[in-house]
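Presented sequentially are two complexes of subunit A, the first with subunit B as partner and the second with subunit C.
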Partner chain A sequence: MSMTLIEHIEVGSGGAASISFVSVGDIPSDYTDLLVVLSGRSTAGANVDGIRIALNGSTSNLTHRRLIGGGSGSGGSASGTNGEIGLISAANNTANTFGNCQIYIPNYRSTSAKSISADSVSENNSTEAYQGIYAMLWNPASNVPITSITLDMLGGNLVQYSSATLYGITAGSDGTTTVS
Partner chain B sequence: MPTVYSPPVSTYVALATTTLASTTTELTFSNIPSSYRDLIIVANFRMSGVASATRAQFNGDTTSGNYPTVWMVGTGSTAVSSTDGGTSMRIFGQNAGPKTVGQMGIVQIMDYSATDKHKTVLVRYSGADNDITAQAGRWASTNAITTIRLFDSGGQSYQIGDTFSLYGIEA
Partner chain C sequence: MTDRPTKLIVDCSTGERTVVELTDEEIAEREAMAAQAEADRLAQEQAEADLQALKDSAKAKLIAGEPLTADEAAVIVL
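So, the complex of A and B:
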């Protein structure tokens, strides 16, 4: 099986400032890529909040481009360096409604710059709901394998029942298909 | 009546992968078995310079008009939507621009082995130094896909260390 569940974290009573996978460097080294799936809602007093990612404890050397749609003609494309990797529902959205985000990190163990892709949505039973796709590059002065991943919100905290799941994906061969 | 698999069936099966040991302008996945429902390609790559776009061809089909595509692109400042066609499917990087740092693309090909329908392709491309795209395309053939050729239309080269992986999805 090429996609393996590594860890699942659920936010408990009182909420949490962040969700962290701190033992990425300790997981078996036979995975090629990582996939993080987040279901979350922010306490920020808005219809949407940004998800920020930190790699190996740092939000530095992260550049992103995004393309978003707001459901009412708003949206567009922007770029930044604040570690924003997605959007989820926030406190002004329909109650009990969570957004979600999927983050794909290929070759997380390489010593090259890391290219990251993310898709996210803030659900809302109203016109203002956002969908966003992101491209991110992590390119510090010294490129190292990713050993930890932390997700927090740009404007608030994660509410109870928010959750994140980490999967490992292993590339390989079936012995029949070839590539050249 | 839903189908319940007991024991569970392994899905997301690794079919082929390559880490380039030398630069190349193209690569081809061949001998793709017909035993899965969908295919997924994951590419993590750079180009040798200002490039046009990575394109895909299926089963060596170079029939003009067999690869209609629609996409939306964000450049970091502007949002654009457009279409493409021709003798191959444009998949990664809709803007001609620098792609010399890490790029990644994910291609999902639905019902690739079906012989009663055209093939739907969904693409997500993420180029943090160039553009970000979401795209839908169609290969106008009812043949099962057995080969996938990837190449850059501008003749640029993929670099040493770039990775391309193919997975089969059970359903």
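So, the complex of A and C:
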């Protein structure tokens, strides 16, 4: 897999409610897949906060199933339609500690339904730290290429120094093969 | 005066970064979402606590040789 950095953005002082990558459709057509990496911490008053994704400005027609585990043996599986795609550290976690989430979007230019996979962790110098793997389907009535990706938190805002990075996964010479 | 929350937007075709204040509608939507997330979190914690209580009770009864309820048996039977 060959990854190329497209954009990187870091949250400044005061925090941010969301991070959006727009004009995704205008990036070079060399790429067939996208990878979004988030390093973040939420202001939510909890150990962990959910990451929500919006595609082309909408959180509709997104269904997910997650499997999460907690350090005390808590966790389990669940499904939903609120756009949740991961989890990161929140205000009750060890100070100045951030969680990570990696979101893989294959065939973002296709006009078929999109399947998205993600894995994430919260970091905490205590028992309660979480890991999660997510599978998501975006299947609107009219399937279109992805042109924007927005990430925000379900319970709070992103703190300063949170960051998001967008990578393009390079297609092969035939325009469809992803090479390493 | 409290600063209005902002959102970061990066244009992948130009690299331009923009900081935009949220509208009143967006702020209200986020507050509702946060309230729902908190309610979901509390419900999840309660469900986990209830499950652990069942497991603890089932284990204690097994050790004591006492009959289990159907709910207790369900948490230990694969």
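To be clear about the criterion, the second predicted complex is superposed on the first by the 171 of 180 C-alpha atoms of A that agree within 3 Å, B and C clash if a C-alpha of one lies under 4 Å from a C-alpha of the other, contacts with A are read in each partner's own complex, and residues count from 1 in each chain.
As a convention for this text, a residue touches a chain if its C-beta (ideal position, glycine included) is under 8 Å from a C-beta of that chain, and two chains touch if they have at least 3 such contacts.
Small disclaimer: the values here were computed from a predicted structure and weren't measured.
When the two structures are aligned on the shared chain, A:Gly71 is found in touch with neither subunit B nor subunit C.
By the document's definition of touching, of the two partners only subunit C reaches A:Ile6; subunit B does not. Comparing subunit B with subunit C, the partner in contact with more residues of subunit A is B. In the superposition on chain A, contact of A:Pro145 is made with neither subunit B nor subunit C.
Once the two complexes are laid over each other on the shared chain, residue contacts for A:Asp26 go to subunit C alone; subunit B is not touched.
Note for the complex: subunit A touches subunit C at residues 6-7, 9, 11-12, 14-24, 26-27, 44, 46, 49-50, 52, 74, 152, 154-157, 166. Listing the residues of subunit B that touch subunit A in their complex gives 10-18, 27-33, 42, 44, 72-79, 101-104, 106, 124-129, 131-134, 161, 163-168. For subunit A in complex with subunit B, the touching residues are 1-3, 32-33, 63-67, 75-79, 104, 106-107, 110, 112-119, 133-137, 139, 169-174, 176-180.
Residues 3, 5-15, 17, 19, 22, 26, 30, 33-34, 36-38, 41, 48 of subunit C are the ones that touch subunit A when the two sit in their complex.
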